[in-house]
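For reference, chains read A, B and C in written order, and residue numbers begin at 1 within each chain.
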Amino acid sequence: MATRSDAPGTGATESLHGARKVGRYALLIFVGFLVLFPIYATLMQALKSGPDAIDHPKSLLPINLTLDTLRSAWTIGDLGRLMLNSIFVSVAVTLGVIITSLLAAYAFAFLDFPGKGAVFAFFLATLLVPAELTVVVNQRTMDSLGWINSYQGLIVPLVATTFGMFLVRQVFLTVPKDLREAAALDGVGHLRFLGEVAVPLCRPTLGALALFTFLGTWNQYLWPQAITTDDAHRTIQIGLERLKIGDIDKLNLVTAGTVIASLPIFIMLIAFQRQLVRGLTAGAVKG
Amino acid sequence: MNRLVALTSVAVLVAASCGSGESIITAGKEPTVVTQPTQPPQITLAPGETLPVGETLPTVETTIAPTTTAALLDTLPDCPTEALAAASGPIELTFWHGMSGPLADELTKLANDYNAGQSKVHVTLIEGTYEQTIDKYLQSGQGNRPDLVQMPEYMVQTMVDTKSVVPVDACIESSGYDTSAFLPTVLDAWATQGVRWALPFNISNPVLFYNKRMFAAAGLDPDNPPASLDDLRADSEAIVSSGAAKYGISVDTNFDGGGGWYIEQWFAKAGEFYADNENGRTARATKVLYNNATGQSLMTFMQSMVTDGLAFNVGDNAGGLDHLLKLADSAEPAAMTIASSATIGGVLTVLDSGQFPQITNDDLGIAAMPGPDGKPGALVGGAALYVVDTGDDARTAASWDFITYLTAAQRQSEWSSVTGYVPVRTDALTLDPLQTTLTTDPRFKVAYDQLLSAPDVPTSLGPIVGPLREVRTVTASGVAAIFGGADVATSLATASAQSDALIADYNSRNG
Amino acid sequence: MKRRWRDFPVAVGMLLPSAVILGVFVIYPLVRAVQLGHLRCDATGTRCREGGWVQYVDVFRSNEFQHALFNTTRLAIMTVPIGLALGIGLAVLADKQIRGVGFFRTVFSSTVATSVAVASLVWFVLLQPQVGLLPDLFHGLIPTLKQPGLLNDPTTALPALAVSSIWASLGFTFIVMTAALQGIPRELYESAFVDGAGGWMRFTNVTLPMLGPTIVFTTVVLTTRAYQAYAEVALLTQGGPNPERPTESMAYLIYGQTSLIKNDIGLKSTAAVLLFFVLLVLALVQFRGLDRRVHYGN
């Protein structure tokens, strides 16, 4: 990314000082407070006992913190299992998407074959179809396959996306034709070319796609809700709701559950911030 | 930008003017009129009586338990209970249930005891909410269904129409099971057209929860709670005017509460049918009957309670606790509410925690649900166990074995004592731990007595309607409008018409 | 000619996995749903009767669908412009190289880590009338918070849901806008400054046009999210307080717990296909309508 030492955006080359700086900081703090407030309140409630969590406004003070509620939520909601399910499904789908996207993108970028246009249109068409439409029929398909409430049911339908294919194809298209032809003359087959040349080229994009897909799968709600029937296979997004039943004074069990459910993602995002930005902006800031 | 705005506004206007004013459930071509095949009327003959010569078949006798019509039962799947002895174990069964929390824990314990006590059958429990269990069951094709499933009381007709279950009557007949100890209304709540489809397991009915302390403060006798709706109003007036509480009673518009189920209860108490064809039990129900004088006066009464400030409407009550929480509200509490007897245990535990100083365990009184003119009785709520027709004789027999285990006297005693559900059979009351529980805390017996007090007439069994859940939902909408001040006659008429449309549509798809 | 076929076996091998998955789980459902959409079926989906293609028209014109369409449109109108404005505003706000801005950038992006389910549950607890934080603190100012609760009042239920949705999408919008901002060449600002343009003028004449494609992209994403609203409705209001049901979105009409058509796979398909068409029309309108206004300014 371009590094710029001077103020970008609406400012020009002078740096801020004086009242403008103070004003800017004040605004930043105010807005930051508003955005962070729900997260902070949630965190505090999750770290307190049931009665303390509803004792407002004292509930906002970082006093009398305990891990008990988190532990209870973990046990009562069987969050360990739900997390494992989410992680397993998300990782599997991510791997699947990477592989299928690589293969499909390679075919469209480097190969020429009859019917290429029609197949491409086929892929394009799938971009328009929303999940809300496919769930109805996919549920029945899963039932006939016997894949209701199974890992393969959760994973397989998500394992190929046109978005992933587009993303990788974008990078592959930047490979000069001569490179490919030279390699072909050297007797380099397609798979070798893919593995030794194409993949290393698009590694940052693959990273972004991986993160984007992982996040998307982790957050899925409608599809897991539709086909899982027991805790052995439920993912954490749909399992959290079970913590909702209970007395009002134990409502912070739900809060604790949301904290636990978000933790892996928060950690991942802090570790992979750049890939995240790349993944999210892949569709936006391009020509 | 202007063109975009113009285009969008035109689109919106077109879409808006497109409205047909019809409900989504009437979409599609009119179904070809299906004439209901007239059911052969059941004739119950007392021993020794013969059909008078020359007499045409009489209309259906209004006995409470139509005896099993052998003809109909023959067309339904068999229940070969003897297959269990012949089979070699262990037979693996899956049981889908809708219990959660401590209820699920107790059910799991019972199942574990069963598994440990013999080696022929092994039952695995799959937990979900009632809604989830229903959805999953309906979506499952034949190969993916469980062996047993627990379904709430509003699912009877739907379960019958899935053509996927073995009626328990077949099992009762095949094994010679003795049902004499069962409460008759309870057994027959799950019977339609002379066939009993499921065995009740966890039942409840609505009871009155009231704060004795507030009653005393209002000058009312804490041991004499209101029995009729008029008493309810009088007591509420006393409570509110004396300042003992802000409201007399808290009400809700949940489909399983004040918006739906309680309406059915009140009709049963009034001795009237809620749906035609004798509440859908002699033949398929084709319409609801609640848009009549009884319904109108009932709803007018409830509306006036709310508008006069005697009752507080907590709303949809999706969590199922809001009306109870109103009793413990620190600022503007209510002195009474009507809630399911299944919640008594949980409520007492919460009260014991001391969280709500204005109402303690001792302050809570439980009494029969007040009804029109104080007539007694209540409909059976809760859920029952169905044997799924898996085509495998051994599994069917094993499922029946497990069901009889769960509904045996000793288990019902334990189950009721722990959960607060009403036992399905009378002989459970004389067994511990239930016997002790009832002696120690007679509040748990109120729901049971209320069930027993129901008169021996067909209206004491609730409605069996295909889309009962949806009918309750639209009725609840109507009740919500009424509590909000809408005209009672119009709201009831709308709800009734919508319910009729739902039923007609259901029948056209399931006839 | 022969060369075109040389790659064919490899192409098949490489495309087959994606094509099969997409075919079976995306294209086939689309086709089948359209087929099912003219049937009326029983609860198990095994016995169906013909409803005719007029079923599509009937469902579109029905009260429930129109109502859901109206609700969903209201939700989109509430969430998209505000979400966009906030995203751009925050990105611009945090776009100065002052000390600690990295911290603020992280804060503003933080909601991208919350899924819709998590965000909805967070707001559910915050708004709970009896024990929630916001009702306890502010019910003097806004009595509806406690009585009967923002989510239980027919007028405030949908706006409350919109707030939860906007907050959840804020991180995403912020990140996308920040990345786009950083792609704007500094020279453009400098030349505008030299021309005497003030802060606001620079914003409207340089920043906004250059953000054009990103704004289009974000608008499409946010609008699609609004029209697909399901989890937030399921977790916050289950279709909204009866009898008005102001929060029943189209997706919830089809899949929700209290849905009247839950047990008829035919009607569900009809409604789902109609939802698909609505999304399609929206995407087209947005791409055509908004894209045309985007210039690159060089």
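Here is the rule we go by: a residue touches a chain if its C-beta (ideal position, glycine included) is under 8 Å from a C-beta of that chain, and two chains touch if they have at least 3 such contacts.
This one's a predicted model, so the numbers in the text were calculated from it and none came from an experiment.
A.B. asks: Please work out which of A-C and B-C is bridged by more C-beta pairs in contact, and write that pair.
C.D. replies: A-C
A.B. asks: On a CA-centroid basis, which chain has its centre farthest from subunit C's?
C.D. replies: The chain lying farthest from subunit C is B.
A.B. asks: Would you kindly tell me how far, in whole Å, the mean C-alpha position of subunit B lies from that of subunit A?
C.D. replies: Comparing mean C-alpha positions, subunit B is 43 Å from subunit A.
A.B. asks: Would you mind pulling out the distance in Å between where the CA atoms of subunit A average out and where those of subunit C do?
C.D. replies: 16
A.B. asks: Rounded to a whole Å, what is the gap between the Cα centroids of subunit B and subunit C?
C.D. replies: 38
A.B. asks: Please list all residues of subunit A that touch 2 or more other chains.
C.D. replies: Correct list: 140, 244, 248-249.
A.B. asks: Please set out, as single numbers or ranges, the residues of subunit C touching at least two other chains.
C.D. replies: Residues 45, 130.
A.B. asks: Hey, what residues on subunit B touch two or more of the other chains?
C.D. replies: 139, 325
A.B. asks: Within their complex, state which residues of subunit C touch subunit A.
C.D. replies: Touching subunit A: residues 3-5, 7-8, 10-11, 13-15, 17-19, 21-30, 32-33, 36, 45, 90, 92-98, 101, 104, 107-118, 121-126, 128, 130-131, 133, 136-137, 167, 170, 172, 175-176, 178-184, 186, 189-190, 193, 199-200, 202-203, 207, 213-214, 217-218, 221, 224, 228, 230-231, 234-235, 250-251, 254-255, 265, 268-269, 272-273, 275-276, 279-280, 283 of subunit C.
A.B. asks: Once bound in the complex, which stretches of subunit B touch subunit A?
C.D. replies: 96, 100-101, 126-128, 132, 136, 139-141, 143-144, 319, 321, 325, 346, 350, 353, 355
A.B. asks: Of all residues in subunit B, which touch subunit C in the complex?
C.D. replies: Contact set of subunit B toward subunit C: 1, 3-4, 7-8, 11-12, 15-16, 18-29, 31, 131, 135, 138-139, 158, 161-162, 164, 253, 255, 259, 314-316, 318, 325, 467, 470, 473-474, 476-478, 480-481, 484, 502, 505, 508-510.
A.B. asks: List the residues on subunit A that touch subunit B in their complex, please.
C.D. replies: Checking each residue of subunit A against subunit B gives 51, 139-140, 143-144, 146, 148, 229-231, 242, 244-249.
A.B. asks: Which subunit A residues qualify as touching subunit C in the complex?
C.D. replies: Contacts found on subunit A: 1-2, 4-13, 15-16, 21, 24-25, 27-28, 31-32, 35-36, 38-39, 41-42, 45, 54, 56-57, 59-60, 99-101, 103-104, 106-107, 111-114, 116, 119, 122-123, 125-126, 128-138, 140-141, 156-157, 159-160, 162, 165, 190, 218-219, 221-222, 226, 237-238, 240-241, 244, 248-249, 251-252, 254-255, 257-258, 261-262, 265-266, 269, 276-277, 280-281, 283-286.
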